[in-house]
Every structure is written in C-alpha cells, then in structure tokens.
C-alpha cells in the first residue's frame, strides 16, 4: 500500500511535468488551432539558453526571466518567419513544417551543446519538504509553478480582450479581421506565449530528467496524450489530463509490470476518448449546418 | 605532453616501422587500398535516436585527419568514409552496400549498434569483407566459426555482467537482487550475463526485474517498484541519462542497496556528477578504460594526450564524453593493425593482423590490460577490473579479471 | 478515354519503361535503393488513400509497415514459406488489423485520431519485444532472412530480380488504387472527407467506408512492409522507430496529398533525402533534413505533383 | 447627401478570372444603398473588395480616405462593419463573447461596451437569453441577429450586409429588416445591402444598383429601379 501510494506521488510529480508542457500545447492550439509537434524541442532549446546563462554566472531567477523573454520573442519570430509562409497551406503541410522544425532544433542543440546530459539547477531546496520521502521540493515546486501558469493562462483567455481575440483569431481568421483583429499578430503572440510557457516547463523539467537534446521526446508524447485526455482547448482539462497521465502510467506500471505499461496506458486513454470525444473537460462543439 | 611532443612521438614510431621487414615486402592490395590511400567504411547514427553516439565517428575521423597530417600510415592516408544510418537497420544495410559496392572500401570498421550490424552481418561475411571492432557489446560478434569476418570491439555486455555476478557471489552470496534494464538488446544482454553468472542461484537471488523504454521520461516508477521488492542489491543496466536518474532516485527515497552500475554509465562527469557525487558513494562497476575526468588519471600521459587531441583536433566534441575517449582508443588500435599490415593490404591480411594481436597495450586502457586475439578468439578486450566510487573517483580494487 | 487520361497513360507507360531498363544499367547497390523507393511508394500510396483521399491523419502507419514486415519474416523464418506468398498474407493481416482499428477510430477525429494512431506506433515495438511473443518475433534481436534468387533460371542478380518483382507489385497496387479511387467507392471517400454530414445524408455509410479505408490503407502499407523485410533481409524492433510514421506522413506531403503519382516522388524523398542530408553535414544531419522539409513546404506546398500541375497549367 | 463610400472603376478577383470588371458606385452618408443581382453576379465580391478580402484594383474612398490598399482590419478600424455571408459566427465562443469581439477595436472602453451590449439586446432580446450559450448552438435566425449585432458593437459609420435574409423564415426576415431600418435611423449607420430578395431590399433602400456578371447594368433611386420593367420581370416576378 505504501508502495502504491508512493507510485501515485511519483506519478503526480511526472504529471506536473506533462501538465506544464501540455499548457504550452493548449496555448498554441487555442491561438492557432494547430498541435505544435516541435513544442517539446522549443522548450528544450529554451532550457539550453537558460543553462548557458546560468553557466556564465547569471543568477538563477534573472536567467529564468531572461529565458522566458528570449523564448517569447524567438517563438514569435519562428511564427512570423517559418510558419507564416504556410499559413494558407493544407494542414498536412503545416505538420510537415513542424516536423522539420523539430528536427532542426534537435540537431542544432546537439551540435552546439553535444548530446551528453547536463544537470540543470533547481531553484528549490535540495531537502525534501517536511522530511517526506515521497516528493522532492523541486517536484512540488514544479507542480506549483505549473498551477500558477495554468491560472494565469485561464484568466488571460477568459477575462482579457486580447485572450478572447486570440481564441477568435484561431477559430475564424476571416471573421476576426472583420472585427478589426490583427490576426497575423495574434498567431505570433500565441506562439510567443507558448514559447514562454514551454521555457518555464523546460526549466522545471530539466532538473528532474537532466538536460539533453532528446529530453522531450517521451515527455512530448505524454503531454500530447494528457492534453487530449483532459481537453486540448481547456487549460484546466489539459493540466488535469497531464496529472492523470502521470498517475495512470505509474500505477499501470506498478500493477501490471513495465513491459506493456505504455501500451496499456495509451489504450486506456483511447477508450476514454471514445467515450468522451472532446476529452474529459473539453468543450463540446455543436454546430448547425 | 603537448601536441608537439605527441607529433614527435608518433613520427618516431613511424620511423621505427619503416625499418620493419614488412615494409619491404611485396605490395599487395585489395579494393580500397593503394600506394596512397586506405579506404575504410563505417556507419554511425549521426541522426535519429542514438545520435549521441555520432561523436565516436567524429572523434575517429579527427584522429585519422591528425594521422594523415603527420604522413599517414606507412605513407598511406587513411580515408574513413563514415555514413549516417540513423540507427535503423534498413539504412545501415543500404549504406554498407554503398561502402562495399560503390566506394569499394577495403574493410568496415567500428559500425555502431547491435540491430544495425545484425542487419548486414551475413552480407559482409558472404562478401568476405573484414567487419572489425564493432562499436557494440553483443556477444555474437565473436563467432569465428560462423562469421569469420566479424569482430567485436569492446568487452561484451554479457561478460561484464558475468563479472558482477561473480563478484556478488563472492562478497554477498545471500543477496536479494533487483535489476533495472533498458528494454532492448543492450539491456537484455546484461540481464542474460548476470543470470548466466549467477547460474542456478539466479532464480532465487533475483527478486525483481524492471525494464524501461528509452522514450520514457523517467524511471522513478521502476525504482520505487524495485525498492518495494525488498532487494538489498541493485543492478543498473542503463544508458547514462537513466542511470543518473536511478542513482539519484535510489538515494532520495532512502533505499540503500549495494549498487552495481554498468560500465557504459559509470563516467564521473556524465553520470555521477548529474546524479550527485554524494549520492554515488559506494557504487560498483567494472572498468577497462580510463575515465578521462576521474582525478586519479589527471597526470597520466595517455589521458593528457587524449585531452590534448580533443582540444586541438575535435574541439566540437565534449572531452568529458567517454564516447570520444572510446573513439580515440579505437582509432589508435586500428592504426596499430594497419601498421602491422605493412604493404600487404589485402582483406585477408587485415583480418589476419586483427586476429593476431599480442599483448598490445593501448592508450586509455587501464594499466595492465593487454589486447590478445587469435584465429579462434575474436574478443579484443577480455579484462575488466572492479572499481568502487569513493565520492571523488573510482577506486580500482582486486585483480584484472579475465573472462 | 479523354485526353488527360490518355496523357496520363502515356506518362505511366513511359515511367514503367524507364523503370524496366534501370536495373540493367545501374549497379546492384543502386538497384537496392530503387527497390526501397518502390517499397516506400506502396506504403505512401496506402497512407495517401487514408489521409489524402479520406482526410484521416495517421501518425501510426509505421505500425502496419512493421506488422507486414514481421509477417513476412516470421513466415519465411519459421515456416520456410516462399517469399512471394508472404505478401498476400501480410496484406490480409494488415487489412483485418486496420479494419478493426478503424472501427473504434472512426469515432475519433482530428487530433484524437492522430493520438490513437500514434499510440499504435508507440505500442508496437513494445509488443514485438514482449516476452510471450519473443518466440515468434525474435525479441530485441530480430530475425535475419535470406534474399530470394531469380526463378526459372533467369540470369538476374538477386537485386535485379527483387527489383523487378517489386516493380510488378507496384504496378499492380497502383492500378488497383487508381481504379478504387475512380470508382464509386473512391468518390464516396472524397465526399466523406469534404462533406461528412452531407455524405451521410446522401446515404454513404461513413462508418463502414472509413473503417474499410483504414483497412485498405493498412493493407498497402503492410504489403510494403513485407517487401521491405525481404529486401533488407532483416527485421528488428529498431527497424520501425516512431520516426518512420512521421516520415511516411512527410512523404505524402512532399509527393502530393491525394494524388496517385505523389507517392512515387515521396518514395524518392524518403529514400534519398537522409542520404543528401548526411552528405551535406555530419554535425547537422537532422537539421539539414529539417531544412529540406521546410523548403519543400514553402516551394511546393501542394507537393511535387501539385507543383508540376501548376507548371503544366501555366505553360498550357 | 454627400458620399460616405465611393468606388470608381473597381476590379476584383480571387487570383483567377476577374469577378468585378470595373464598377463604380456610392453609398450616401446616412443612406441605405442596395446591390441586386443574380447568383454569381459579383455582389459578395463587391463587399469583400471594399474590405480588402480579395485582390482589387481601382479607387475606393471611405469618409474622405483612400482605402483601396488598406488591409481588412484597417478598413474595419475606420468604422466599416462587414456582416459577411455565412454570418461569420465564432461558433465555439459564447454569444456574449461574439458580441464583445465586435467591439474589439475599442476594448478599453468598458462602460461604452456595456452600454452597447444593452442596446443590441434591446434590438434582439433573444440574444440576451442566449448570452452564455455557445454561438454554434444558435439557430440560423439567431446567428444572423448575432452577426448584425456584432457589427453594431463596432459603432460603425457604415455597415456592409451580405444577404441577411438568406435561409431564414419570412417572419424573421421581416423582423431583421425592420431592425435594420431602426439602426439606420437611430444609430445613424449608413448601410450597403447586398440582397437576393429584391422586394425587401428595394423597400428598405434609397438607392439601388443592379449587377450582372461583374458590372453595374442599372442604377438609380430605389423607386425608379423598382419600376423598371426588366427588373420587375427578372427580380420581382411581376
């Protein structure tokens, strides 16, 4: 029982990781309607930027903020320069560009920073909180930051006119222009925010799994699954989905063994999606023709 | 020793070799060899999931470039054609066929990966192309009867695990063992070696086994599961990233078993520092080459040579990455073999020289390790030494263990 | 037969003629590469039927490719079955698996379908390594195979023979696909893609058609997989990494979505783009490949075929 | 009546063949102008050309400014509300969010927006009931009301309406046209109306243009157009 409880906690810790990256996916999805397969690699690259800054002596929190800002502008620039030319192309072409971007970021990171793993500083104490053996301070801190980003994002999309405009631009660009929204900038802004959120995610993930160019490969898959499980258009859903994913994976692993744990976890998710086609907390879209 | 000295030393070696009788023997060539060039083929994962190993090929190319600048081997330049196989068997087959049929290389060398080499294992043997010193530790590369043209290039994973088993049986015969392994040929070879080494006690001693996939973000769940098995001895058969995670997690959850970590994942800079040196105290492993960033070797000549080489000739590579040291050592070994071939650069002679190495000592190998091969012994390195981590460096102990 | 049909037939015959001459003028290793191009084009044709014509995105076709390959490998290795007999079996197995997978999958759409198919591709290597299947699949070590010799005492090298054999399969599969797409069934597929609700209203059984499409698409990819096992003479879990599913998708984008000819160009891309990237840079092989993808997307957003069509319409 | 919108020799296309082949027209300040024509005459393209939603050539002036080279959102920001064909509803957003988006260009004006919301709810009480409902669930008529209201939220000087009667029940159409007149009079919004239902459109408009295959074939005061025999035959059916 203790072991199972321990697995649940470990699952929540990994779930926090998936949730934070899932939020970046939701951000881009809500702003552009796309699932950005390169999101993980962007987050990885941001984390290397932070690592470089810390390495040359910049204090942690300064590097943290600087990385977020740099990532914001870099991601917005990627949208303006690389994605814009295929804005009107078929969705598969866009997917192909995402895959290209993923390969480029991965390969360039490996070239600049080599493939050896690097430890990444955690801003949280190294001693576990309250002397427990289940969760480390960093894991708890990462979950807290993911929740903070979630609330900020929720408020942004629900309450601010800019957030509303962004959702509108994603759903119906033509109509959005007709109410005066500069759709091009909304897309860039969406990418920028996603880049910034990804950077936060990366900096919270790297201390746990170490920094290397391939660090996001698996995490991206789980974040994607978690986001869809919870509802890709709803930040709350995506975060809960991320946590569920983490717990599910660990508990399945503990109960049936590791050999097929990934398979079983994915099958379970697909069953859920069959029963709830919009994800557990996604918005049901009814449209009349 | 700086580069200047290194160059001088190598030139002196060449001068010596020029005097050996083989240099005057009649020149004999197979495709890929000529008066001016020796063409060697190789496949490496420069892209794809195993791209972290690509640096081996780059280090080796850099080494040969250095050798060529110094005049080459017996006056011939080494032309290493190293192609990307993305770590996928179909691509590996294609690239090897290109190397053999189009580029007409003299032989293949240091092709990386078990699945990739398996895919063209039969092909190169039917074509009688030497397929030397593969960068994989599978046991099947030492099968002279069925595959006389194929030779492995490092201690086999199974043999290494067998050594751990023997050590454990001697020191803790009543151990309760937990095993974490990578769920592929690499991890499973270790598990097999461990079980072979434990013999009939394997069943009773191993109380828990957990595999992981490289696509998984973390192995925390596996470690927790293994802890709950009540094991007091823990074998980690993983790649560096997961080994570091495991060592850290084991410590953090307050589990204190005797921990064996496989050689690939024992580098101080790459694994133990990220895991936390204080969390690594007491780890056991078996070594055969020097960890370039282990303080105890800081003053040894070959390590300095290596670091110097990295700085001057392979500046893009990370000197802490043991893959580079590995490439350095392998390139060194090949140069020895080629020198020994003299002017008889036939495929047959290459194989013959590769299989008649006697008491060869190489830079970066642990003191005392000698390379011996013969027509029925295709394993180049068959000695390992146990080591325990004391928080700063690996302390070797006991004898060199043969297998 | 109208003029476009006629000119298409002419192009097809010319292409087949060139393809028939090729193995007698290029060396064996090139023939092997061209065989792989043909094999990939069959797989891409399968994916194109699903994604291009029916609008369902699959990130998991590598799984069907693997199932086909393993079917061939196990039949040849365990039962000494002749190589040619493995193709129909691989096709039928993939048809059934694809159809069964399609049944629930048709309830999913868009991103969810993408995840479900991705899950298939992720799960398959794990299954191949699963200890209870190891006896059949060879586990992590995989299965080695022998390449078939030319039959009837033909004086052809193994590579030449396998190439010609594959070419015959390609022609057969393409003709079948073309007829399928031009038939009522094909029009129904396109109708479902473009106007799902209207198609349903007009009496098209979306569910049935979609599952069947999945099955047929899987059949094509499975046959390609079986051929790849015979050509490469080896299968292992590492032969089918997740990336292969992505590269199939990329292949149909580069070739041209929803076109019969696109898969051929896509096949060339999948086969030769990595080699080009490797040739251009050892440090940034992946990045160069990525740049190729971007360039293709910018210059030919509708694929090579779309690009050629545009050129043709401009010059006309 | 001075001209609020004035187009001269306007050509337009979607990259292919020309849809508008050099047409000129004006919308008077405070007036209602209607453009009639059969399907495919180029009416929708005419509205899109004003808003920069297609390739265009020629001169367009709005409130004294040249707008023929302006991007859609910049034309909108000058006070042109375009209620497009198909209504352009944001289906995933709520009714209220749709309306708030209409006022996006002045999103800092919180009190003004609140006031305008009440005003459009006054015109269309149904929308108030559906305030928190996803717009995709509204009926066709409600979505048309929503589209007009969204345009109103801009506080436009000019509204471009593309077939507001399309696909709606006659009673609802009458309702909508009644409110359009009210908007014209009370809110001082000029209107350019593209419509298939010539009867209704000519009732509402003061000026009318008749289009055929991308060209204006007839224009003049609405009354005069109505009495034109060819129009009666082709569009009014009597």
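Couple of notes before you dig in:
Every chain is named by a letter (A, B, C and D) in the order it is written, and numbering of its residues begins at 1.
In the analysis below, a residue touches a chain if its C-beta (ideal position, glycine included) is under 8 Å from a C-beta of that chain, and two chains touch if they have at least 3 such contacts.
Given the structure is predicted, the values throughout are model-derived calculations rather than measurements.
Traced through touching neighbours, the fewest hops from chain A to chain D number 1.
Taking each chain's centre as the mean of its CA atoms, D is the chain most distant from chain A. Taking the mean of each chain's C-alpha atoms, the chain whose centre lies closest to the overall C-alpha mean is A. Distance between chain A and chain B, defined via averaged C-alpha coordinates, is recorded as 37 Å. In whole angstrom, the spacing between the mean C-alpha positions of chain A and chain C is 32. For this pair, chain C with chain D, the centres built from the Cα atoms lie 50 Å apart.
Among the residues of chain B, those touching two or more other chains are numbered 47, 49, 51, 54, 183, 213, 215, 316.
Residue positions of chain C touching 2 or more other chains: 122, 126, 129, 283, 285-286, 289. In terms of which chains touch, the assembly is arranged in some other way, matching none of the line, ring, star or all-to-all patterns. Working note: touching chain pairs come out as A-B, A-C, A-D, B-C.
Within the complex formed with chain A, the chain B residues making contact are 47, 49, 51-52, 54-55, 183, 210-218, 220-222, 224-225, 227-228, 240-241, 244-245, 252-254, 269-271, 273-274, 316-318, 320-321.
Of all the residues in chain A, the ones that touch chain C in their complex are 35, 82, 85-86, 89-97, 99-104, 106-108, 110-111, 221, 224-225, 228, 232, 259-260, 262-263, 266-267, 269-270, 273-274, 277, 289.
In the complex of the two chains, the chain D residues touching chain A come out as 51, 53, 71-73, 76-77, 81-82, 84, 88-93, 97, 100-102, 104-105, 107, 134, 136-140, 150, 154. Interface residues of chain A, counted against chain D in their complex, comprise 161-162, 164-165, 167-168, 171-172, 174-183, 233, 283, 285-288.
On the side of chain B, the complex with chain C involves touching residues 46-49, 51, 54, 57-58, 61, 82-84, 86-91, 93-94, 97-98, 100-102, 113-116, 118-123, 183-185, 188, 213, 215, 316.
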